[in-house]
């Protein structure tokens, strides 16, 4: 039973309308570009997307927003996206904003089989409304539940045929957390190698969490805020 | 003369101590990195998963896999380490980050902070700010003393939706350096040439002035 | 003829499916690794932080940094991965491990298991057993049908302190293969030459026998 | 301010009688050998030791037990140690047994600033006695609190002068978790290298968690169960 599939279209072929997806990445860094393109091609609709950000107008999750494939975004920050703003204001798109650390830890909880976690983020703010609040050592914490997602779609630098993954620099971000949290997890990698080529001490995501893996056809890796040193 | 943004950053940099791990927010806080005092070593944390932020890259050396929390291309220093977002906020929650510097729209005399949402405007999200303010053991706010309409941002109570409660320890504005105490804002220093009277008039929250207040010296 | 320990392991190995991730406990369960059916691929997890256990090392190749949960020196297979104990039990709790094989002192008809403590004797601890039984989605127990005194270990209720409740799905003993069902132990197979009557007499818990019961074939 | 200290004696010099210590390792694999020897030399007493195991009679924590330095052990498994058994039966030593995954996750909770976590381990058993029990989706979980330890003492394979650590094979085990969980964390390594020599993508424990680091004088790395293939 091989986890290796030929390409993004094959990897996402079972994703249906109405699915709950997790998509790795921070800004445009470490996003599963090839799977996003395939989801746009497939035209699957009514999606709930759990992702720290929502891409920009013409890249990342922004491409799915353009095609109105997303019903709900669960994110920590959704700036810099005009179409997103239009759909939000028109009521076409639902948005749930979550503190970034809470987003990360709710993924971790799912991957580690913890039904819920306590975090102080948002205590005393409107984020706490309707949530269970509990004091530990005199400090308030919110009870936040593990995510349940049908699919997690992540992007790694290197992967092997067992599904073991290694990420590169800050393109790691949410990817290893979401990889653990999906009922089914699809990984796209820049370099797919045979089992045994990766150093077992340096694996970030063990293959047990990965169901399908493929080498992405190409990566644009667009830069959102190109910033350079003053000469 | 009110402090420039660079001078606010420069003043905040004096709060750094040798060996500190520091998280710098977007805007003025980012500038603090340019003024780390000589002879001390500080490691900068980026909540998207890096300890050891270096300077911006040289033209042509930008790496799309290497960005800060503001999505800007960066570099690393020797001895840096990458990690995932859960560990990143884990170390923040566990109090391992010594100092966090953030911008704000409003700060209250209790140390509450509002910096993520303006009712009626498109809300972009809190990003990592709520996690940082709920967890960091030492939070300094860098901001202008008043908003563009001239209204005080240093208040008895925040009017905007809160980001966190009773968390800000110090505020450095273009006019003043303030400690947040049990009794209110204590005026520590004033911008050169700015009078205590002017600071009082632009501070809506309770301001405590004791003795002579020195000017910020550069 | 009662099954040998090797035969118990061999029978359990038939429950393995291609692509399974499996955790094998100490004792008989460890032997299951020797009988993985041809043509299927199984990855063995060691809860001290490894996916991809290989055979024992050759003499002279022992590596003190590379052990299994029974503290035995081992090797790895290509494609293995190391991780810390929190991730190890995390993947167990999250149901990513497809099958867990454990030894037991007692199993009840409800699927309760006792395998860590005998009152009056020095208690060495539960190790990872409580985490495994509380979380694994599919637990098979490998044990002798009776204790050295000849008393049944396949009970209506466990008499020893429990390791976990309602968790065991199947029991393979030297005498029988049993499914744990809502109604009690269902006899699936018997050891070659062992009669249903003998199994009944040595099973204190409720035993369900339907039709002819085949012998375990090797 | 350098984190590098000369040796184990210097690293543990501030540890006082009555301290709560975490000690990394699984069995005798990945234990902080040099620090344990230094603690024996220092003769510090009345210690609470959080460690998955308690060593054997003449190695690991067993050496501290021989000198009656330990008041309480918090472990998941304490077999194969005659002196341990003697002290336990005589009442000289207190033992708290904790499921191994709970032990690991209570360390993680401390390192990640979570005051408590929910785990199903021990539900319905005597481990649950006196603990808060809560159902999520029909399954019972126990509320388990984050550990509070004065010192964590861990052993890594490589470390740099910033305190970044890389572990080797299954000698990783509890080390990275305890490294995050100590109020003060001491790391001993087989190879101490200058900052910049370790691959930043392969760091298991970022230096922020480490307060003192040194290269151990020597490592015996004793094998507890030497097992070899049949010829």
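Per-chain numbering from 1; labels A, B, C and D assigned in written order.
Assume a contact is a pair of C-beta atoms (placed from the backbone, for glycine too) under 8 Å apart; a residue touches a chain by one contact, two chains touch by 3 or more.
Predicted, not measured: the structure shown is a model, and the values here were computed from it.
Q: Need the most distant chain from chain A, centre defined as the mean of C-alpha atoms.
A: C
Q: I'd like to verify one number: the distance from the centre of chain A to the centre of chain D, where each centre is the average of its C-alpha atoms, in whole angstrom.
A: Going by mean C-alpha positions, chain A sits 33 Å from chain D.
Q: Need the CA-centroid distance for the pair chain C / chain D, whole Å please.
A: Computed value for the inter-centroid distance: 29 Å.
Q: Just the number, please: Cα centre separation of chain A and chain C in whole Å.
A: One centre to the other, that is 36 Å.
Q: Would you mind listing the residues of chain C that make contact with two or more other chains?
A: 76, 82-83, 86, 89-90, 92-93, 135
Q: If you look at chain D, which of its residues touch at least two other chains?
A: 105, 112-114, 119-120, 167-169, 172, 200-201
Q: Sort out which chains touch which and give me every pair.
A: A-B, A-C, A-D, B-D, C-D
Q: In their complex, what parts of chain B are in touch with chain D?
A: 18-19, 21, 41, 43, 45, 51-52, 76, 78-83, 86-87, 89-97, 135
Q: What residues of chain A sit close enough to touch chain C in their complex?
A: Result: residues 1, 110-114, 160-162, 164, 180, 194-196, 198, 200-201, 203, 206-209 of chain A touch chain C.
Q: Residues of chain B touching chain A in their complex?
A: Within the complex, chain B contacts chain A at residues 46-50, 55-59, 61-68, 70-74, 76, 82-86, 88-90, 92-93, 112, 122-131, 134-135, 161-166.
Q: Mind listing the chain A positions that touch chain B in their complex?
A: Residue list for chain A touching chain B: 26-30, 52, 75-79, 85, 88-89, 97, 99-105, 107-108, 119-127, 157, 167-177, 204, 221-229, 231.
Q: What residues of chain D sit close enough to touch chain A in their complex?
A: 105, 112-120, 136-137, 139, 141, 166-169, 172, 199-202
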